[in-house]
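In the two complexes that follow, subunit A is the common piece, with subunit B as its partner first and subunit C second.
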Partner chain A sequence: MSSAATRSPFVESQLAAPASPLPGAGVPWLDAARREHLAAFAEAGLPTKHVEAWKYTALRALAQRKFSTGDAQAAARAIDASAFALPGVDGPVLAFVNGVFRADLSQLAQLPDGLELRPMSQALREDPEPLRFTLSRYEPEKGDVFVRLNAALAGDGVLLKVVAGAKVAAPVHLLFIGAPAEGDVAWHLRHVIELGEGSELSLVEHHAASGDQRHLGTTCTDIVLREGAVLHHAAFQDAAPGAALIRRTKLHLGARSHATVHVVELGAALARHDLQAELVGNEARFDTRGVFLLHAKQHGDTQLAIRQQALNTTTDSVWRGVADERARGVFRGAVLVEPGADGSDCNVQNKNLLLSEQAEIDTKPELVIYADEVKAVHGATVGQLDERALFYLQSRGIPQAQARGVLTAAFCRTVLDDLPNAELRAYLGDRLVAQLPA
Partner chain B sequence: MLKIENLHARVAGKEILKGLTLAVNAGEVHAIMGPNGAGKSTLGNVLAGRPGYEVTAGSVEFNGVNILELPPEERAAAGVFLALQYPVEIPGVNNTYFLRTALNAQRKARGENELDSMAFLKTVREKLKIMQISDDLLKRAVNEGFSGGEKKRNEIFQMALLEPKLAILDETDSGLDIDALKQVSQGVNALRSPERSFLVITHYQRLLDYITPDFVHVLADGKIVESGDRTLALKLEEHGYAWVKEHEAGVVGEPA
Partner chain C sequence: MSSETNDSTATVLRDNAEVAEVLGRQYSAGFITQIETTGLPPGLNEETIRQLSAIKHEPEWMTEWRLSAYRHWLTMEEPKWAHLKLEPQDYQKISYYSAPKKKPKSLDEVDPAILDTYDKLGVPLHERAALAGVAVDAVFDSVSVVTTFRKQLADAGVLFCSMSSAIRDYPELVQKYLGSVVPPGDNFYAALNSAVFSDGSFVFIPKGVRCPMELSTYFRINAQNTGQFERTLIVAEAGSHVSYLEGCTAPKRDENQLHAAVVELVALEKAEIKYSTVQNWYPGDENGKGGVYNIVTKRGECRGDDSKITWTQVETGSAITWKYPSVILRGDRSVGEFHSVAVTHHYQQADTGTKMVHIGKDTKSKIISKGISAGKSNNSYRGLVEVKKSAAGARNYTSCDSLLIGKKCGAHTFPYMEVKNPTAVVEHEATTSKISDDQMFYCRSRGIREEDAVSMIVDGFCKQVFRELPMEFAVEAKKLMEVSLQGAIG
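After this line comes the complex of A and B, so read on.
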């Protein structure tokens, strides 16, 4: 609860009028929804450590900072798009700078058959009505004020749809660039993605920076997989070292659909990712592979929350964390197998490596099972490199620092083993290695 | 080549080596035998520089250099190789990558140029032929899922590739069936040369049927208590290690 007198500087700064009018402003139902969300955000304020979901991620420092509500110059900032090309990712590109769509950096000509892709800002200006249900709805999630903030202030994002039966071969590149501005900017993006029945899509979510800045970005992504749809989603978080990035990705999996999500987290001072999945259709499958590599005073927090709600569903989650120097990592892997989800399997594995005495990683697998005939496996470890392996490499002539690098890289790369895009896999592997201490 | 004098070493606070003296010349094969707990593996690990093995007295000179001062990787670059009793599995590190990284790290340390992947693969193929190893082993992660025999053969293969001046085989025969033992021995014999010395650490004389040593030493309670030619190994086989202890104590005479 906060009144005007007790609001934090952060909350106060977000109540200012947007730097430029939000797309869709003037649409009565949207204005009303945004007002309601903003009021709820102002009322709640930022969560404290007493809120379970934020127990290990303190927002005290963030609460004391002020951010401008958007970047009025975002559309005009000079950016070299070629710097953000990814090997093996040669399909359509939808690019945003400080939360604003940039047609000049995007590649939307000649979209593959069956793929509908456009920025939400365009839809809100041209024909907002079809988005009414999606943007008005709020699912109360305890403590999730960032979803409120995002709903109040997001004016742009990705609207993507694959029509039933379409198989989109070329990976779609969703590019989010943070660019230095006159001050610290808060930007918000809302993505709505739908894969029709039996369709296939490969998606690359890419957070990058064109220079250091301390912006705050929030994203809310909803992904729906209809029956039999197949999604390969790779998320590469390479934001500026000073940036704060708070993401919520929510997947909804229909019968026999299969989503595979690979996550590589390298950047940002504060990176929080809530990755949520609901397996609502029989035989749905959800695989996640992720790694966070933290150094300096980085704080990385991944909250995986899976609900298996239908018969014979399968989820498999393999995560690695590495923290060096004074970094702090948090991983929560929660799986709920609901009544009726009989015959389901779930696996959550999280191994972590501490490379310095000051680094810390908190990991917490949580499996709750209410169904029958369920096979559930989980494991979580935090430790140092295997001394026997280290000596083995050294005894073969590999200097200790290099040997540590080889072992740490192998530890991280495991999560990329089954990434089908070989060029992207090699690139991400190299980026992981490059970020390891020399 | 290798001169060990009055070596004392501790592991976890317990003194294991208690004044070991041994000299190995270029091209010689020395077998170190002894009962369990005598300090055989400790000797190998001390020479290779394994952390946790603390030298409290004595010296080890390798080609005139005091190697006790060097980290393991520098000993390796100088030409010391330890085939481990229990080779370590390293998931995620491809065997080929491991070998190339090791070879090039050693070459770099010696001021030699590093091998590119073509030159490296050519060398690997030559060595594979000597070792009769299928290249399938190279594509897998280091020792991961290898059988006991495969692990030991991989050790000898690494030795063939790294071409050390002093190879220490720490109970390379343990856990091997007779076919694997023969293969490993053939590999070792193929690498014998006037410039390369071997320290073959073993509990059983069986290995020495295949790798003929120039000298045999008996290690007991942290010291070499008996040295001789290969007939010493046969005597041990016949009389067991108890004989050595009694012999040391002067209880019985030289067996006939």
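After this line comes the complex of A and C, so read on.
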């Protein structure tokens, strides 16, 4: 708990008035909700390592830093949009620079049938009322102070809706660019995504940078899949080497819906991703594939938390981690099967490679099971490449260094195997390989 | 199993008179022994600790050691991280010392009521012990009642006595090792124990000696409103070997009794310590009333190179189990093992597991944990495997399996892996499942009764761990499992 006297420089800096007025400011219920969240954030302060969810991710350094609340110049910064195009991703684009929507970098003309897509800032200015329930909703998750901060200061984000039965073929590109600014900026985005009954959507979440900076970005994403909806979500995190990025993605899966999430984490000095899924409908299915590849002094922390609450739900998670140099990789894969959630099937597999004496991996696969008709399996390993595989390749005349490279690349690329978008799969695979030590 | 099958199973079970008898069978160690005891009134302050120390004729350094632990304890809070519903304790309501009034000088003088108690429990105190080949230190409430085979052991050079006598007779050894593995301020309960521990066992195996017999301690809480705070210290000098067994029971009482013990093991170069526990404290009744809170800090340190510590535990009793027997692998090439079966039924709660801390080079650890939950119980495995930067070539293998019997119980796994050395290999795997309908159908079609089939399947599930127990304990463990799981199906 922090009083005014003991607040960290970080918390103090976030209590300052926003650089430019937040979209939606002046709407009474929104002002009230934002004030409440900001007060709760100031009261709680940043979590210490004694908070279980932050045990392996120290925020001491962040707590000592100051960030301006938003970037007033974000709309004017020169950005070359073509630099951020992704192969195989040719649908609508919604782009943000330092947390501010940029119409000039976005591609929202001729949206496919059944797709509603616009920035939250626009909705807040035009007609905030439909967002009232979503944005004023109180979400007191223990230790989740960044959700508070986000709720208090996010003025923009993605509003996406696929109407029932619509199948949107072209992947939607959500682009978040960190651009160098006069000082360190903290930006916050709130995304609300809904897939109607029987609809289908392919989504690419892309974090990138137009130059090195040390901004802090937080995103809160809520994704709802109604009955029978199908979502392919690929998240490619390629933020600036100095950036701090704290994300929370929460999926709510209805009956017979199916979400597949692929995550590739390459950038940022501090990248924290809370990926949460609630399987509330019978026969919902949630598959995740993810990899982080860390070097220098990067700190990557993925917290996967799955709640299986209905009958015959299935989750399958395959995560890989590689830590080199002085990097530290953290993974938590928790599955909770609630009472009565019979027929639940869950599998979490986490494998990690440590490539250097100074690197560290902390992994925590958790199972909390309250139903007996379940099949729950998890496995986790930390180690090196398989010596036998290495020997095999060497015996075929491949030099050791190259053999290591091939095996490490294969180790990481596994998670992309079932990414349906072939061009994107190839691109992400190449980016992974490019970041591996030579 | 579908709910229809469940119902029909229940009907079959109710109709079967034999099964009804089995279902009715209860905690058999739940009797109360009527003997005169002396003790301290409930309450805890510096004065109680001084009195306790005075009753035990302890030297000044020991009193001071207790007091400093107590002062540290006052600054601490009860840990809340375990997956347990544990009401805060009132530490002023507990009596910190209870002892049989008559002080025995030899086994013949021990109060027959106490001998009778141990007889009922099947602890071999007399010559029967010789047949069983087990030397026993029996702890009744707070004090050690007898230690058998002291002379035979002394001939081999082995010191096996109560902690109280050790403090008097071998102060330099106790001073050297006590608190060296579990420091007095290690955690809330260890600090409390350090302040108020009443008795326990002390074992010292000198250099190169292979202890000629299995050593054993039997703990029993008898008096009302007492806590049992025993402290065990085992030191195995270079090249020595010892196998130690521990068993526990308590009478049935409606109140919860606290048992907060500390066990420290020190293995020097090439020494090996095997520590086995069969824990059968009173688990409370089928409505969750009463039962022992078993809150124990157990830790061993492989201090010398090539040393080995093995923990084997069968946890069937206690309303609450909070216990993580750990190994600090400091010596190069040292080995730590943990084999555990934890069974919970009715409203029992267990949060148990281990810590393996790899510090030395080429250290190895193995963790095999089997959790069985039935009734409305919750059973958690919580473990840490930590590989420090210095632990080149460290190797760990962990396997945790949970078996669920019934719809209202929970089985949970919380493994932590922290790896700081790139040459280490750490592996963890876990599964959670129930006894499958196929397995049951197969057994039933062969004419095996439902209860027997469950018992057989559970036995197979636990075999890997039972194999690690000394033979006489393995038999006891198997029986305890059967008793614990009675009425679990249906």
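Things worth noting here:
Going forward, the second predicted complex is superposed on the first by the 438 of 438 C-alpha atoms of A that agree within 3 Å, B and C clash if a C-alpha of one lies under 4 Å from a C-alpha of the other, contacts with A are read in each partner's own complex, and residues count from 1 in each chain.
We take it that a contact is a pair of C-beta atoms (placed from the backbone, for glycine too) under 8 Å apart; a residue touches a chain by one contact, two chains touch by 3 or more.
Small disclaimer: the values here were computed from a predicted structure and weren't measured.
Clash-free side-by-side placement of subunit B and subunit C is the outcome of superposition onto subunit A. In the overlay built on the shared chain, the residue A:P365 is in contact with subunit C alone; subunit B does not reach it. Once chain A of one complex is fitted onto chain A of the other, the partner contacts of A:Q64 are absent, as it touches neither subunit B nor subunit C. Applying the stated contact rule after C-alpha superposition, one finds that A:T134 touches neither subunit B nor subunit C. Judged by the touch definition given at the top, the superposed model places A:T48 against neither subunit B nor subunit C. More residues of subunit A lie in contact with C than with the other chain of the pair subunit B and subunit C. In the superposed three-chain arrangement, the CA centre of subunit A forms the vertex of an angle with the CA centres of subunit B and subunit C, and that angle is 70 degrees when rounded to a multiple of 10. By the touch criterion defined above, A:S356 lies against subunit C but remains apart from subunit B after alignment on the C-alpha atoms of chain A. By the touch criterion defined above, A:A380 lies against subunit C but remains apart from subunit B after alignment on the C-alpha atoms of chain A.
Note on the superposed arrangement: subunit B and subunit C approach each other to a least C-alpha distance of 14 Å. Residues 386-389, 391-400, 402-403, 406-407, 409-411, 413-414 of subunit A are the ones that touch subunit B when the two sit in their complex.
The residues of subunit A lying in touch with subunit C in their complex are 52, 56, 339-340, 352, 354-357, 359-384. Across the interface of their complex, subunit A is touched by residues 48-51, 71-73, 75-77, 81-82, 84, 87-88, 90-93, 98, 101-103, 105-106, 109, 158, 162 of subunit B. Residues of subunit C touching subunit A in their complex: 1, 81, 83, 387, 389, 402, 404-434.
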